[in-house]
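Going by the order they are written in, the chains are A, B, C and D; count residues from 1 in each one.
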Amino acid sequence: MTTEASKTPSPSPLLIAPIAVRWRDLDAYNHVNNSNYLTYLEEARLQWLLTLDGEWYSAECAPVMAASQLNYRMPIEWPAQIDVELFCERVGTSSMTVGHRMVARDDATRIHCDGNVTVVWVNPKTGRPVPLPDAVRNAVTAAA
Amino acid sequence: MTTEASKTPSPSPLLIAPIAVRWRDLDAYNHVNNSNYLTYLEEARLQWLLTLDGEWYSAECAPVMAASQLNYRMPIEWPAQIDVELFCERVGTSSMTVGHRMVARDDATRIHCDGNVTVVWVNPKTGRPVPLPDAVRNAVTAAA
Amino acid sequence: MTTEASKTPSPSPLLIAPIAVRWRDLDAYNHVNNSNYLTYLEEARLQWLLTLDGEWYSAECAPVMAASQLNYRMPIEWPAQIDVELFCERVGTSSMTVGHRMVARDDATRIHCDGNVTVVWVNPKTGRPVPLPDAVRNAVTAAA
Amino acid sequence: MTTEASKTPSPSPLLIAPIAVRWRDLDAYNHVNNSNYLTYLEEARLQWLLTLDGEWYSAECAPVMAASQLNYRMPIEWPAQIDVELFCERVGTSSMTVGHRMVARDDATRIHCDGNVTVVWVNPKTGRPVPLPDAVRNAVTAAA
């Protein structure tokens, strides 16, 4: 069943993904460019999805970005090792909102970015929303 | 003087920037990756800043991203020509919030993305906010 | 028939593709990063392929990179408008070697990069080379 | 002294750099895009330079790309862990040629790419070649 589930944020992270900053992530300001933050989030989200027990992607059901909200709190330099912490902020019928924090690996109190991303599962052939895969819903419920 | 200015959004765009989508902007889903939307916005924003009459960047005063909020409404494919429309949504002491719409060049009713970005001017040496450059404030006031 | 064809370089360009440099193409040295040159070439090559009269891509036949050789002769800055000139240097059974020059649009004697790229057509399912599509061979012969 | 040194390639790698492939490195063919290979090489090269005992970069002396030659031997997919092996192929007055192999971390006989890159040290203010920094020359000599 895929009715509207809990909107209570999970207090424990779904995953903490280590990201190695690349020099090419820097822009002419010598800081990681704001667009790369979304790439770090994407990599972390996919690493989480790969850990799920069950199918989260098929020819009829694929996650796409619906919205993103990022607060850039402290520049990221190179070289650096970043940890991306992902949280479940909301679970819906077809979508979930994934909160995040990007912190320095050697000091998790140094927060480079926080915010969230809403991902919706759609049928790639039609672009229409489909129910959240059970593998995703179960994993989020287990983490809550 | 750099006191808090109008919070009324400007109804007319600051700029409409043409962006040529590159094949490399696509990801494995065969759509423009969500991170590239920020690159399109950055390019449009810089094209606008280059049109200003006066200095918007110096060794003591540079614009950096504070926050971004994007709604992905319709995938962008390749090849495509996109127009990025920028609006002034808010002007503050040190920052401005730039609203945007990304539309198909041949049909501006096809909205691929909307949202906004907050840019703050800081002293690159200290990271502290500095007053919004007059060139920026004047341009925004003129557009309002 | 797809026997080995002429190895004589074509003196006239297959295409001259305009490329708008993006600020994000810059790296921390404030010059276009060397990896983006390959993206410019890719975009130009695809623009050429899109002009062909006939099929150059199918489920059984897709172009992939076999080799690249680039000489970086003069940095590219931002903003800049670049022209990528593509030439046929060699046509083989399954592959072609595409020479290139990247020049300033307002002064074609300013050469930022030259070199070539070898593209081979393969069956994506097997990875094995397939005969060069007739549309490609015909276009190259016509240009020679 | 910075006279022309040995041209004998070093048989032992200067460095083996681990690279984590990102999903965003894939293009619409679902393989790592050819341009990202140069980013992997850049990251490996910088990791090597960071290990040097002495200055390899200053306001008067910075390494820039002069040429690259890459053979794409086997596609890279995601997820994947790649090792980039760097070798000294040639040392000159102002430049060095760095050979490379990109191999699967779990099977170094699977070669995804080989080739080389020539890096020249220049004065960023003039663009003119400068002598290879001692730190670089010493490291290469020690590895030979």
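Observations
Keep in mind that, in the parts below, a residue touches a chain if its C-beta (ideal position, glycine included) is under 8 Å from a C-beta of that chain, and two chains touch if they have at least 3 such contacts.
Small disclaimer: the values here were computed from a predicted structure and weren't measured.
Taking the CA centroid of chain B as reference, the farthest chain centroid is that of D.
Centroids of chain A and chain B (each the mean of its C-alpha atoms) stand 24 Å apart. The mean-CA centres of chain B and chain D are about 36 angstrom from one another, to the nearest whole unit.
For the pair chain B and chain C, the distance between C-alpha centroids works out to 32 Å. For chain B, the set of residues that touch two or more other chains comprises 23-24, 33, 35, 39, 42.
If you draw each protein chain as a dot and join the dots that touch, every dot ends up joined to every other dot.
Within the complex, the chain B residues that touch chain A are 29, 31, 33-36, 38-39, 42, 62, 64-72, 75, 115, 124, 127. By the touch criterion stated above, chain A contacts chain D in their complex at residues 20, 22-24, 39, 42-43, 46, 50, 79. Residues of chain C that touch chain A in their complex: 23-24, 26-28, 30, 33, 35, 78.
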